[in-house]
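Following this message is one structure expressed as C-alpha cells.
Per-chain residue numbering starts at 1, and chain names A, B and C are given in the order in which the chains are listed.
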Amino acid sequence: MHMADALLAPAVAATMYAASAVTVGASVRTLKKDENMAKLPTMAVTSALVFAGQMINYTIPGTGSSGHLCGGMLLSSLLGPQAGFLSMVVILAIQALFFADGGLLALGANCWNMAFYGCFVGYYLLWRPIMGSKLFQGLGAKGAGRAKIILASVLGCVITLQLGAFSVVLETSLSGITELPFGTFAGIMQPIHLAIGLVEGLITSAVLVFVYEARPELIMDVASAEGESRYSLKTTIVILAVVAAIVGGGLSLFASANPDGLEWSMFGNAESGYSENMGLDEENYGISSGAAEVASSIQDKTAFLPDYAFAGSDSAAGTSVSGLVGSAIVAAVAIAVCMAGGFFRKKKEYANA
Amino acid sequence: MDKLSGAQAELREMDALAAADSPVHRLHPLCKLLVTILYIAVTVSFPKYDFNGLMVMLLYPVLLFQAAGIPVRLCFYRLRMVLPLVCAVGIANPFLDPVPLMRLGGLPVTGGMVSMVTLMMKGIFSLMASFLLIATTPIDALCAALRKLHVPGLLVTLLLLTYRYIGLMLREVAVMTEAYHLRAPGQRGIHISAWGSFLGQLLLRSMDRAEELYGSMLLRGFRGEFHYADIPACRASGVVFTMVCTAAILTARFVRITTLLGSLFVR
Amino acid sequence: MIEFQNVSFGYDAAHSVVEGLCFSIGKGESVGLIGANGAGKSTIMKLMLGLLRGSGEIRVDGLLVCRENLPAIRKKIGFVLQDSDNQMFMPTVYEDMTFGPRNYGLSKAETDRRVDEVLNQLGLQELKFRYNHKISGGEKRMAAIATILAMEPEVILMDEPSTALDPVNRRTVIRTINSLPQTKLIASHDLDMILDTCQRVILLSHGTIAADGDTETILRDRALLEDNRMELPFCLQGWSPSTRSHLPG
C-alpha cells in the first residue's frame, strides 16, 4: 500500500507532508512533555524489529498464500499512539530511502495512510475503548484480556487499512494520475484491503497475545483491561458504533451508485478536453508564451525542414513530432553518458589493476 | 528467506556505495537533499501527456550517476517495489483513454498510452533520484542535514538508532526463520501455531535489548540530547551545485527543451 | 574504591537475587566475579551503577550510590556490556566514542584528543571511521572497550568480555585488560581468562559470596568450583580424558 512518488501531484504530496508533519510535531511534544527518554531505545529497537518482522511470511491456513504483520497497530499497542506513530514514520522513511518502497515525495502521504490511521485512529477509537470495556467478562480476567486484544487488533487492522486504502484512492484520484473512475478504483482497493486487514489483524493479535501471556506490562491499557473498566459496555458500544458509522458511511458514500457524478464534481470536467491538460498545447501550458516566442524564433532560424514534415498530421501532433525527435536526442545523450561512464570506470579499474 | 537476505544485501550495498568517494559524495548533504526533493517534485508535476518535457529530466540522474561513479543499472533492481503499484494504477489508462493524440507511422498513439508511459517514467526517474541521494550520502550525514532542516531531534535520533538496529534485527529474524524452516521442511511460511510466538519471542528479547541499550546510554551521561556529527558548513561547491541544479530543473520544467532541440532538425 | 555493605536485591519480595552482600575492592585491584548462571554477577554490576536499586549501602570512591550521586558515579565507572551491539548504538566507532565525553560536557577538541589517544593505545586507529554494524565481532569488542576508555573511567566493569571471541581476539582482549591501570571488576565464566587477568576472585552462589580471595587458591579448589557448576581452568587441569570423568553430570 506504499504510495509511489509518481502517483502523487506535488500539491497533494505537499498537503500530506504538512498533515504528517503536524502530527509528528504534536507527537514529539507529547513525548517530550512526558520526559520519558527511556522510551527512545525501546522505540528504536521495536521499530527495527517491526521492519524486519514485516518481511516474515505467515502461512494463511487453507490457502497457499501468506500474510504479513500490521506495523501501526502493533506499535501503538506496545508504545502508545505518539511513540508508535514516530516509529512508523521512521520505518516508512527507511523503507522509502533504502529500499525504494514508497518514495521521498510520497513519504508524507504514506505516513498519513499507514502510520496516522494505524496509530491514532487505531489506538484512540479502537484499542483504548475496547481494552477499557467490560466486554468478555465471562471469560475471567486473563481470558477477557486475550479476547479484547484479538478483537481490538482485528478490528483495528481492518478499519485502519480501509481508511488507508481509501486515502490512497483519494490521493491518486486528486492527483489526476489514473483514468480509472474514482468509484471503480475504490471498488477494487477496498475489498482487497478488507481481506488483507483481516489477516494482518489476526497475525498482529497472535503476536500481542503472546506478549500478553509472557509480559503483560509491556502492552498498553492492560491494567484497564483486567481491572476496573474505564468505560461501561454501553459507552464502548456507542464508540464502536460511531466508528463503524463514520467508516462505513464514508466509504459507501464514495463508492456509491453514482461515482461518476461525484468524480465530475470533484475533479472538474477535465477529462472532456485533453487538449487543456495535454501539455503539448502552448497556450495552456506551464508558463508564459514568452518561452514559446523564443522557441519559435529559434525555430525560424534553425529549422532546415519545412513546416510539419509529416504530412497530414495536425498541429498538435506536428509540434510533438519535433518534441519526439528532441526526446530521442536526449535519450541518445543519456545512453552515451552511461556508456562513457562505464567505459571510463572500466579503464580506471584496469589502470588500478 | 529471500526477502530477509535480500534486504540485508541491499543495506550492505547502500553502505558500500555511500562510503565511496566522488565529487557527488563530497557535496554537502543538505544541498543534495534539497535538490533531490525539488527534482522529484518537478518530475511528478509534468502534465500527464507531456512525454517530451519529461524526457529531459532523465539527464539529471544519468549525469549525476556518472559523476558519482555509480552504474545506473544498480537502481533498477529496486524498481520491483515501485513499478507494480504504478503499473496497476496506470495499466487501465490505455483502455480508458483511447482517443488518439497523434499518429506515428500510421499507428495511432492514444492519450492513455502516453499517460501510462509518462507515469512509469515519473516512477523510474524519482526512484533514480532518491537512490542517488542515499547512494552518495551516509546516514549520519543525512541525519545532520535533517537536523539543519529543523526536523525534531527526537525523530532524527530515532531514525539513526533504528537504522543502526535494522541490520541486527534482519539478521535475527533471518536466523530464526532458518532455524524454523530447518525443522519444518516444506512449509513456505510460518504456521498458524507459531504466528504469535515467532515474532513475540523476538519482541520480548528486543525489549530486554532496549533496556540494556538505555542503560548503556545513561551510563555515558545521556540526558535526552544527541550530539550529531558536525557536518562542515556548506561550501561554495554545494551552493553552486544547488543553484545550477535548481536553475536546470526549473528550465527543464518551463522551457520545452526537447521541442526546441527537435525543431533544430524538423519543423 | 568500591564498598558493598549488606546489599540485597530482588525483583519481587519472595525471591532475592543477591542477599546481604558485604565486600570491598581497593583502588587498582583487579577482581574476577564468578559463579553459576543466575548467581547474581550482572546484578551486582547494575546495582553499583544505579541501574537497579536495592537495599543496603553501596559506595563508589566514597560516594553513596543514590539518585543525586549517579552522574558523578557513572562518570567514574565504565561498563563494558556483554553484547557490544547494545553498547555501540551510534553509526560509527568514532561517534560512539565521542558520545560519552560530549555528554559530560567535554569540548570537541578534548574529545578528539582522547579518542585518538585511546585508539592509539589499543592499536585500533583503522577502526575510527568504520560503521558499527560492519565491523567483526572481535573488532566490535575492542571498540566497545575503547568507547569506555574514552570516558577515562577510574573503575572498569566488564560483563563476559571474552565470550564469542576467537582465541586470538580473546588473547588481545586479555592483553588489553592487563594493560589497563584502572580498578577492574570482571564477571566471567572463562576461568582461564580470570586467572590471567585478576589477582582476586569473588565467587557468588545464589546471591551470596561463597568465597573471596586469591585467584589461584580459589580456582585450584576443585570441590568448591564443582559445587558451583564450574570446572577447573584448563591450564590447571593437566588435561587428559580421565580428568573429564570426574565432572558431575
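Quick note on the criterion: a residue touches a chain if its C-beta (ideal position, glycine included) is under 8 Å from a C-beta of that chain, and two chains touch if they have at least 3 such contacts.
For clarity, every value in this text was computed on a predicted model and none was experimentally measured.
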{"item": "Any chain in contact with chain A as well as chain C", "value": "B"}
{"item": "Chain whose averaged C-alpha position falls nearest the assembly-wide average", "value": "B"}
{"item": "Highest-count interface - the chain pair sharing the most C-beta contacts", "value": "A-B"}
{"item": "Interchain centroid distance [CA atoms averaged], chain A/chain C, Å", "value": "47"}
{"item": "Mean-CA-position distance for chain B and chain A (Å)", "value": "15"}
{"item": "Averaged-CA centre spacing for the pair chain C and chain B, given as whole angstrom", "value": "43"}
{"item": "Touching two or more other chains - residues of chain B", "value": "161, 163-165, 168, 209, 213, 217, 222-223"}
{"item": "Residue list for chain C, restricted to those that touch at least two other chains", "value": "89"}
{"item": "Sequence positions of chain A contacting 2 or more other chains", "value": "41, 44"}
{"item": "Chain C-facing residues of chain B, complex", "value": "12, 15, 19, 138-140, 160-161, 163-165, 167-168, 209, 212-213, 215-223, 226-227, 229-230"}
{"item": "Contacting residues of chain A [partner chain B, same complex]", "value": "2-10, 13, 24-25, 28, 31-32, 35, 37-38, 40-49, 51-53, 55-61, 64, 66, 69, 78, 86-87, 89-91, 93-94, 96-101, 103-105, 172, 176-180, 202-203, 206-211, 214-215, 218, 274, 277-280, 285-287, 291, 294-295, 298-299, 302-309, 313-314, 316-317, 319-331, 333-334, 337-338, 340-342, 345"}
{"item": "List of chain C residues in touch with chain B within their complex", "value": "46, 49, 51, 71, 74-75, 77-79, 81, 83, 85-87, 89-92, 95, 98-100, 102-104, 108, 131-134, 147, 151"}
{"item": "Residues on chain B engaged by chain A in the complex (per definition of touch)", "value": "1, 3-4, 7, 10-11, 14, 36-37, 40-53, 55-56, 58-59, 62-63, 65-66, 69, 71-72, 75, 78-79, 81-82, 85-86, 89-90, 92-93, 96-97, 99, 101-104, 111-112, 115, 119-120, 122-123, 126-127, 129-131, 133-134, 142, 152, 154-155, 157-159, 161-166, 168-170, 172-173, 177, 187-192, 195-204, 206-207, 209-211, 213-214, 217, 222-224, 253-267"}
